[in-house]
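Two complexes follow with chain A in common, the first pairing it with chain B and the second with chain C.
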Partner chain A sequence: MEYLASAGMLIGIYIILAASYNLIIGYGGLNTIAHPIFFALGAYTAALLGIGTTLPSVVCVLAGIGVAVVASVALAVTTLRIEGDYLLIASLGFQLGLLQLVNNFEFTGGPAGLSNIPVTITGPGRGWLYLLICAVLAVVVVWLIWRAMAGPFGRAVRAMRDDELACAALGRSLFTMKIVIFAFGCGAAGLAGGLYAYYFQYISPEQFNVAQSATILTMVVLGGIGTTWGPLVGAFVLVALPQAITFMQLPTSLVGPLQGIIFTVLVILFLFLRPYGLVGKREAGVAH
Partner chain B sequence: MGEILRIENLCKQFGGIVVADDISLTLDAGEIVGLIGPNGAGKTSLFNLISGVVQPDSGRIFLQGRPLEGPLHRRARAGVVRTWQHMRLFRSMTVIENMLVATREYPGESMLRSMFATASVRRAEAEARARAMDLLARMGLTQTADNIVVDLPFGQQKLIGLARALMNDGRCLLLDEPMAGVEGSNYETMQRIVRDEASAGRAVCVVEHNVSFIKDLCTHAVFMAQGKILQRGSVDELTRSRELTELYFGTVDASVDA
Partner chain C sequence: MEDALTLILAGISVGSVYALIAIGLNLTYWTTRTMNFGQGSVMMLGAMMTAVLVAGGVIDALAALASLVVIAAIMVFTEVFTVRPALKIGGSMGWAVSTLGVGIILQGVAAKYFGSQAVAFPDMVFSAQDYVEVFGVRFALQYLAILVLSVALVALLELLLRRTVWGRAMRAVSMDADLAAVAGIPVRPIVLGSYIASGLLAGIAGMLIAQTGGTVDPAFGFDLMIFGFVAAVLGGIGSSSGALLGGLVLGVIEKLVGGYVSTAAAHGIAFALLVVVLVARPQGLFGQREVVKV
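This part shows the complex of A and B:
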């Protein structure tokens, strides 16, 4: 049963990641694939504080969110002022550079990562209790994003996506809207990182590399970019699918490459056959 | 009535092309000024300079005595609003959504306030919705409110472009070819609304090739060519001027009753 709780945790964490990434790329139209680095900032901050201090775990997770938000704002402020897709390049550079540092610093555990993250909840119900917390937080994140996008803010964001110049000429500050979207999305990724670190009690740099970027992107594209439910469906399918593959008892040397191939084929197929994803409708009008 | 917009010695050059050559102009409340001139005269460029799409090389603009500077959205918030020759409507959105986005005070622009639908957001939304419906009623377009804007006939889209700009409630209204492609009852509506808005104390500036529209509507007109203001006067004076007619139409003996 612990296995099911752990799979559930993964789904919950990926729902937070995919929903927040969808906010950034699907609704906000901000091109970045470096979502995992904010996931990593949340995870490492929470883990390091948990290991090195006696602060309550909630505070450590909140600090992780804070670090992710600050880093995202710094990145957005410096790149969004320039016209063009500098955010994409800067965020990717930020991801690769920071991972390189994490890989080489002693205090981050280097490539081996951190494995001594303190136990916060004990007892037989640990897994289920964590799952409950994670599920509640995932619902809150999805609900907040849905609320924001269904209201006047979302309307202004859609206007921005339709026509930036016209939107700005009517008094909307595109810069502010973009920064807020990016900061909120990255903060949510930081939250997912904190949850991940405390539940699995082990983090390493390779969990936050570009392959992770591809996984989250696949979830959003497969589920339906720019939709409320798409990221949820995508996260569920793409967590469940590899688990199912594991059950097929294939040799481990095959499982890794097979997953890669399946993810890639899925993205390509969906882009051609169903560009609006599993739940997306053509007239969703928020993503192209 | 008082001065709304004052432009002083505005200059702008793109490489070797001069789009604004020492332009000075004032727009008063209640005035409808026609901006005419041949293609490439710098009419739309002047709108771009006023609304902040491009920044001038030199020269200054004042709105009701205060310097009008900075990026687009700040100028719109100050009360300068424009329409576009190609409308630039938000194509995935309904008519009313297009209009609501244009509200000058838009507390929903804060993600958090929008998320939790604070009292100020709800109040602003309700007020804006009422104002948008009023505007649509004045245009006889009430029943289009929930249509996707690009599904409307062209003439109605042009009216929505104007309605959207009017949601800003700014004192200075810049209309870029509002009549191009507009006929029949929509033409009459456009004229009526523009006239009413000027009477309500706005300063209106219209770029338009439809000379009869300019004649019907404008208190006076400004003739531009090659980034310069050549003459300012009544529409009749300008259209009677042989020199300007020649510049505009490229022929000496063209009729000006276009």
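This part shows the complex of A and C:
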């Protein structure tokens, strides 16, 4: 049963990641792929504080969110002036640069990562208690995003995505809107990081590399970019599928390529069959 | 002093290869406005296939040629099955996933069939020990050969783009594909051609870098591709000469930092440079500001 709980944790964490990433690229139209680095910042901050201090775990996770938000605002202020594709490259550079640092610093454990993250909840109900916390937080994040995007702010954000010039001409500060959605999205990724670190008690740099960017992006695209439920469906499918594959007990050398093939084939199939994702409607697609 | 000169020459040589990668990335960016994240794996596959074929007794040139043919086929596949369908839906970012996916698959396939360990890359023209002495400073012949070959390729490509009908057609497509189609330019073959050319450049670049490093493994291409992006951004994504300059600057900085500080720092510097340049001069160090018409 512990296995089910940990699979549920993964789904919950990825729902937070995919939903917040969807806020940034789907609703906001900000093409960054650096989402995993904010996931990493949250995870590493929470883990390092947990190991090095006696602060309660809630404070550590909150600190992780704080660091992710600060880093995201720093990145946003400097790079959001850049448009579209350049932003993509800049975010990639930011992600790989920071990962390079994590890989080389001593206090982050280098490439081996951190494995001595303290236990916070013990006992037989640990997995289920974590799952409950994670589920509640995921619901809160998704609800907040849904709430914000259904209201006037959401309409302004979508207007910005579809036509920046027209939106600015109507008196909206694009820059402020971009920073707000970026900071919120990345803060949520930091939260996911804190949860991940405390539950799995092991983090390493390679969990936050570009393959992770691809995974989260696939979830969003597959589920339906710019929709409320799309990222949830995408996260569920893409976590459940590899778990199902591990049940088939294939040799490990096959698992890596197989995952790549599954991601790619799914995405390509979907581009042909359901171009706007599993739950997306035609008008949900973004016209640039 | 001798050290610095050696490092700078090595930097220029490696930088010229980064330029090849950058131009390869540019070509497909111009025609489809997408970035091919599979490029790194294509580079790796080219170098690795060549190494494995040569180890299996195939003549060097034939092995390289066979690898390039395979790469060209992969690039055609990439365009037809992963980029084109994704582009039908504007703003879906599907191409980012699908090209990355191709990269992950290729990496997996290489690990499965060629092994995940590093494979020794054969000495093709000069060995790492051959050198010439100029003013008492030793220059590795390998680096000189790479530099000459890369610069010649860049010049050839520039010539093709500016002087031939196909080159002009490609530039027309990159400016406005719809208008080019209206003018009777066969857009599809041109786009396919840009992917093949991009793959060939990547394949050659992969072999050249593997030659200087001596080995190649399945994870080999990704960082190189990022360096290609950095070179392209440094020079401004619009131009081949910019990419060449960007590549050279990046190569020299990388080698100097690697030689005097540490190789780990060299990577960090490259990424920092990327972000700084994008923020300060989004059009690139040598590029011209793109005028946006409203």
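Here is the rule we go by: the second predicted complex is superposed on the first by the 279 of 288 C-alpha atoms of A that agree within 3 Å, B and C clash if a C-alpha of one lies under 4 Å from a C-alpha of the other, contacts with A are read in each partner's own complex, and residues count from 1 in each chain.
Here, contacts are C-beta pairs under 8 Å (C-beta built on N, C-alpha and C of every residue); 3 or more make two chains touch, one makes a residue touch a chain.
Remember, it's a predicted structure, so these values are computed and weren't measured experimentally.
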| item | value |
| --- | --- |
| Room on chain A for both chain B and chain C (clash or fit) | fit |
| Touched partner set for A:Leu165, first chain B, second chain C, both or neither | both |
| First (chain B), second (chain C), both or neither touched by A:Val279 | neither |
| First, second, both or neither for A:Val139, with chain B first and chain C second | neither |
| Partner chain(s) touched by A:Leu88 [first = chain B, second = chain C, both, neither] | second |
| Which partner reaches more residues of chain A (counting touched residues only), chain B or chain C | C |
| Partner chain in contact with A:Leu80 - chain B first, chain C second, else both or neither | neither |
| Which of chain B and chain C A:Val210 touches, first, second, both or neither | second |
| Chain B versus chain C as contact partner of A:Gly97, first or second or both or neither | second |
| Partner chain(s) touched by A:Ile121 [first = chain B, second = chain C, both, neither] | neither |
| Chain B and chain C, minimum CA distance [Å, superposed model] | 10 |
| Intersection of chain A interface sets (partners chain B, chain C) | 165, 285-286 |
| Chain B residues within the chain A interface of the complex | 51-53, 71-73, 76-77, 81-82, 84, 88-93, 97-98, 100-102, 104, 106-111, 113-117, 121, 124-125, 164-165, 167-168 |
| Residues of chain C defined as touching chain A within the complex | 29, 33, 35, 37, 81-82, 85-86, 88-94, 96-98, 100-102, 104-105, 107-109, 111-112, 222, 226, 229-230, 233, 237, 264, 267-268, 271-272, 274-275, 278-279, 282, 294 |
| Chain A residues touching chain C - in the complex, by the definition given at the top | 25, 29, 31, 33, 78-79, 81-83, 85-86, 88-90, 92-94, 96-97, 100-101, 103-104, 165, 210-211, 213-214, 217-218, 220-221, 225, 253-254, 256-261, 263-264, 267-268, 270-272, 275-276, 285-288 |
| Complex contacts: residues of chain A adjacent to chain B | 144, 147-148, 151-156, 158-159, 161-163, 165-174, 176-177, 180-181, 184, 283, 285-286 |
